[in-house]
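Just below is one structure, and these are the notes that go with it.
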C-alpha cells in the first residue's frame, strides 16, 4: 500500500510547493477568495474527472465527457426554458439521459470489443452533434431556482465563497473515494484495470462492471453538465470543449496510470487543483500572450509529470 | 541438433504479405464501408463519380476526396506505427501547425523555399523526437507525453507566426499544397508515395516485425534483445515527420500558415483512420495501406456531408452514425455473422 | 472403498477452435473424496477441458452434470456459485491488488455496504499461514515471486471450492516443501469429500496424490481408470501413444568442466545480491539450485543485462564485454529463456514462426530482414527439432498450449546459434515426453560445445544434465558441487545449510 | 492622453486567438493600453467560457480597477458579473453583447453583427440587380453568435428579393482551409460552379479560402462568382487589389479604444457612458483604395 501511495504523496507535495511558489510571486493568491474560486471554477472539471478516474482505473478512456457536459447544459436549458419544467426535474431527466448514454457506450465497448477510445470518440461526436441539433444557439436559463442556488454560498473568513457547486464537487469526491476504495464495485474496477482476463476468471462480472463504469462516467459528466449550467445559467452546445483532455490530464497528474489498475480518486482532486492553480497564476500574472499561455500550460504539465516520474523512480522496483 | 546457418539472400519476393485472393480483400469491412459511403454520396449527388480533365489535371468529387483526405492519410501513416507500438500521438495536429508556421515564416522572411521546406520537415522530426524521448527515456505514457506537445505545440506555432496568419506566395510551397503531377493533386501524390515507401521500408526490412513485437509485448521484446527504445524513438520521429509533411500541404493549400487552426483536431481523425484500418489500439499487427483507406473513408464521409445539403448542425451526428456503423461492421460479432454468409472466406 | 459418488460430470464434450478440434467427445467424471489426475501431452486439451468444466469456455457439444443435474455454466463466477474453485494454468490473479484482495475479490465481507478491510487482512493472513506463508498481505501481489502468487491462487481456489477443486499445474513453480504442504491441504479436502481434479506433468506427484487418472491425447480420451492398476510406464505409453526410451531418474554426469572458459563473470553484484564469481566453460552446464526467492532469477537477469549490475566484469572467450542491456547480451551471443513466459517470453499475437525468428532478427539488425522462405525454413527446423505442436506456424503463439509456448522460446534462442544460454526453469509446465526431450536437448547442446546456465527447482533434473551445480541461499552463492559430489541429497543439504526458508 | 488612466490596472479577458481579426484586436488593445499608461492584465481563454469566468474571478480576487471582457457566448455571465459589481469593479464588454441585466456592465462596445450581415446582403442585392442569383453561404462555427447574427442579417437583406436565393449553406468554421474545402464541394455540387453567382462568407478568412477554390476550379472569383464577406482583414484587400473579391464589411479591431475612453470619462467626471457603443459597420469595395487599406492594416497584428 505504501508503495502505491507514493505518487499521491508526490502530487500533494508538488501542489503545495507550486502553490507556495505562486504565492511568493503573487501574494494576492494567498486568500480564501482564491481558494474558494478554485473549488467553484473547477467544480465541473473535478466532477467529470472523477468519472474519468474510474474509467482510466479500469484501463479505458472516455473522450465523450466534454461533449456530454455540453449536451447536458443544452438539454437542461431546453427542458427548463422551452418545456418549462422545474429545474430539479430537468436535472433528473438530464442525468438519466447522460447515464444511459454512458451505459450504451459501455455496452458497445464490452460487446462489440471496440476500444473505448474509439467508442467514446464516436460518443463525443454524437453528443456534440446532438447538442447542436437541439439548439445551435446558446440558451440563457432564467429561473428563480437558479438565482437562489447562485446566491447561496458559505462565506469563508477573508471573503472567500464556498458555493453550492463547490460543495457538490467535494461531496462527489468524498463519495467517489469511498466507492473506489471501499466497495466491491471499486475493487472490480481495479481488477479490470489489472487484467481483464484474470478478473473474468476470478469471477468479476466484466460486462456489468464495464457498463456500470461508463454509466457512472456518463452520470458524472451529466452532473458536471448540471453544475456547468448552474455555474453559467445557460446551455450551449460548445460548452466544455476539450474538457476531456483536461480531465485526463488531471487524472494522470493525480498519479493514476493510464494503463489502468493503479491510482487514487484523491489524486485526481489534487490534479484538478493543480490545473486551477496554473490557470489562476497565469491570470494573476497577466502578461502572457495567447501563445505563451499555451506554451506555459504545456511546460507546466510536463514539469509536473516529470517531477512525479522522478519521485516514482526513486522508489524500489518490483522484482 | 544441427546449427542453422542463415544465408541472407536479397529478398526478391515480398516477404510478408500473404497471397490473398482479391475477393477476400473486397470483403474486408473497410472496403465495404468505403464503397458504401461512396455509393451513398453518389445517391446524394449523381455527379459524384464524374471525373473530367481540366487545366492539365483531373477534376471531380472523387479527386476532392483523395485530395482532402491526403493530410489525414499522411498523418495516419505515421500514426499507424505509433499505435502498433501500443502508443498514440496526440500532438500531430499541433506539429502540423508548427511545420506550416516554420515554412511560411521563413519564406516570407526571404529564405529560399527549399531551405524552408527542409527546415519545416526538420522541426517535425524534432517534435517527433521530443515525443519519443518522453516516451522512451522518461517513460511517460504516450497519451500524456504527446498531450504536452499538443497543448504547447500550437502555442509554439503561434509564437512563430506571432498569432497572425502568415500568407505567402512562394511557388514551391503552393505547389506542394495545390500543384499537380500526372494530373493528380500533389497531396495525393505525396500521400501515395509516402504510403508505398513506408510500406516497403517496413515490410522489406525487419522494422515492421520488430515494431509489432514491441507493441505486442514490450517486456518480451527487451528480453529478446530488441532495441525497443530506439525503435520507439524512430516511430515517434517518423510520426512527427509525417505531421510536418501534412502541415506543409495544409499551409500550401491555403497559401498561408494558420497556426491556430491548421490541423486542429486532426489527430483524432488520424487515430480514427488507423483504427478503422484495423490496427488495434492495443498494439501489434498493423497495416499502413488500410489506415490510408480508413482516412479515405472518413474523408468520403466528410465530403458526402458537404455536398448533401444537410444543415451543418447535423454534421457531427451523421459522422458519428457512420462511425458507429463501421465499428459494428468490424466487430467480432458481425465477423461471426459474415462467416456464416455463403461464399465468404473462412 | 465405497462406491464412488460422481460430483461433476462431463459427457461427450466437444470444443472446436477454428478448424481445430481441441476436444473430441471427451467424457470425464470427478468423484467426491477422490483426487482425479488429468494427464496428457502439451496441447492434449487438458486446460481446455478444465475451462469448460469451470465455465470459462462454452462447449461446442456435450453436457455438464453437477450432482447428476445438467447445468450450463455461463462464466467462472457462475461456476463459483456452484462451489467449483479453480487454479488456472497461468497464474490468473491481479498483480496490481493486494494479496488479501486477490484472495477475497468478489466475496469481500462488507459492513454497512463498505468493504471491511481489517477483516479481510486478518482472514487473509490466517488463510495463508495454513500454507506456511507469512507475508504482508496488504502489499501488492506483484511484489511477490511467482511461487508466492501460485500459493495465493491455490489458497483462493480452495476457499471457493465447496464441491470441486480444480488445479491446473499448480506445482509447476513450487518447491518440494511447498508441494508437500499443498498436498497436505488437498488430502484434507479430499477427506472432507471434495472432488479434486489435478493436472501436472510430474508423474511422481500423480502417483503420490491421485486416486484415479484420465489421459487425453490429441483431444481424445484414451483412458480413465483407478491409478492403482497402473505403473509409470503404462501412463507414459498411453499419453504418448508409444513407448519412449525414458529415463526418469538419470544418473549424474561424471567429469568436471570441459573445454576452455567461455564466459566469466567476476565480482558481479547488485544491491542486496552478494557479489559472485563464476565461469562457464565450453561444453559445460552449470545448474543452479536453491529455494524460491534465493536469488537465482536475479543472477540470471544480471548476467543477461536485464538489471544493471553495480559492480563486476564480464568476459566472453577472454575478451571483456559490456552488457548493460539484453541487446548487448544477445550481441555477445547470450540467450535467455525467462521464468515468466507470459510476461517476458512470448509475443502472444505474433505467429509461432515470428516468435521463433525474432531474436535472430533482432541480432541481425533491421535491414537484414530474413525473407519469408528463411523464416519458414528456420521455424520448421526448430519446431521439428523440439517437437513443437502447432497446427500451423502462422497461428498466433498465444493459442498454443503452455508447454509448446515454452518450446517456442527455447527454439528462439537456439536459432541465434548462441555461445551461452541461460535457461530459467526451462521445463516448467512441460509434459513428460517434452521434458525428456528438453533434458536431452540440453545434454546435446552441451556436447556440441555450448555453455549453459540452467536454473531449475527439480533436483533430479539438474542432476541429469549439470557438470557443476551452484547452490544459492539468501541471494548468495553458498556452495558449488561438481563431479561425483553431485547428487540430489547433497544439494538438499547444501540448500538447507542453516536457513530453512528464504522468502520475502 | 490625460492622466486619468495612468497606472490603472485593467484586466482583459480575451476569447483566444482563433482568427487573424482576433489577434489584431488583442494587439490593438495592448497598444491602446500602453499609450494610456494602463497596466493591462491579459488573459487568453482558449475559446472557453469557463476560462473567461475563471479569469474574471481572478481579476476580482486581484482587485483590478476595471475589467474588459470579449464574451465567447452571450449567455452565462450573470453570476460572475454580479460578483464584479459587488466588488465595485466596472466591466466593459467588447465586440459582443450578453444576455442579462444591463446594470451588470458599464457599457458594451460592439459592432452590430446583424447589421454587418445586412450590409453585405444589401451590397449583393444592389450589385446583382434583377438578375437571378444563386448564393452559397459559408457559415461560421455552428452556434457561435457571429455566425447566427451574420446569417440573420444577410437573410433579412435579401428577404424581399425573389431573384436572390441561398442555395447552399455549410459551416467553414471561420477558417481558410475549411472555407476552401467547403467551397470546393459547393462548386462540384453546383455543376462545376456554373450555378453559383455569389458566395457570402461569414468572415474574410473563409472568403480567402473560397477564392482559391474558385480559381482552382478554373473560374474567376470576383466576376464569375461574386465574393462578399465580413471583417476587413488585410488579405481580403489584397484579393480586392487582384480583382478577386467584391466587398467586405469592416469590423474594427479597435474596441478597446472607445472602452478606455468610456472608463476614463466615468472615473474622471463620473459620467455614465452610453450603454451600447456601436462601432461602425463600413462597407469596403474595390473602389475604396484597397491597396491603401491593405497597407494601413498590415501592421496591426492581423
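Chains here go by letter, A, B, C and D, matching the order in which they are written, and residues are numbered from 1 within each.
The rule is simple: a residue touches a chain if its C-beta (ideal position, glycine included) is under 8 Å from a C-beta of that chain, and two chains touch if they have at least 3 such contacts.
Bear in mind that the values here come from a model prediction, so they are computed numbers and not experimental data.
Participant: Counting C-beta pairs in contact, which chain pair has more, A-D or B-D?
Facilitator: Here the pair linked by more C-beta pairs in contact is A-D.
Participant: For chain A versus chain B, what separation do you get between their C-alpha means, in angstrom?
Facilitator: Comparing mean C-alpha positions, chain B is 31 Å from chain A.
Participant: Suppose each chain is reduced to the average of its Cα coordinates; what separation in Å results between chain B and chain D?
Facilitator: 35
Participant: What is the distance, in whole Å, between the centres of chain C and chain D, each centre taken as the mean of its C-alpha atoms?
Facilitator: Computed from C-alpha means, the inter-chain centre distance equals 71 Å.
Participant: Among the residues of chain B, pick out those that touch two or more other chains and give their numbers.
Facilitator: 158, 163, 313, 315
Participant: What are the residues of chain D that contact at least two other chains?
Facilitator: In chain D, residues 16-17, 23, 26, 142-143 touch at least two other chains, as defined above.
Participant: Multi-chain contacts only, two chains or more: what residues does chain C have there?
Facilitator: none
Participant: Touch graph across the chains, line, ring, star, complete or other?
Facilitator: Basically it's none of the tidy shapes, so other.
Participant: Under the stated contact criterion, what part of chain A meets chain B in this complex?
Facilitator: 61, 63, 108, 111-115, 117-119, 121-123, 125-126, 128-130, 132-133, 136, 245, 248-249, 252, 257-259, 289-299, 301-302, 305-306, 309
Participant: Going by the contact rule set out above, which residues of chain B touch chain C in the complex?
Facilitator: That would be residues 1-4, 6-9, 11-13, 15-16, 18, 204-207, 209-210, 212-213, 216-217, 219-227, 284-285, 346 of chain B.
Participant: With touch defined as at the start, can you tell me which chain D residues reach chain B in the complex?
Facilitator: Against chain B, the touching part of chain D is residues 16-20, 23, 26-27, 139, 142-143, 168-171, 173, 175-178, 180-182, 184-186, 188-189, 191, 205, 208-209, 212, 216-218, 235, 238, 301-302.
Participant: Please give the residue numbers of chain A that touch chain C in the complex, ascending.
Facilitator: 1, 3-4, 178, 182-184, 186-188, 190-191, 193-195, 197-205, 261-262, 318-319
Participant: In the complex, go through chain B and note every residue touching chain D.
Facilitator: 45, 47, 54-55, 59-61, 64, 68, 158, 162-165, 167, 178, 250, 253-256, 258, 260-262, 264, 303, 306-307, 309, 311-313, 315
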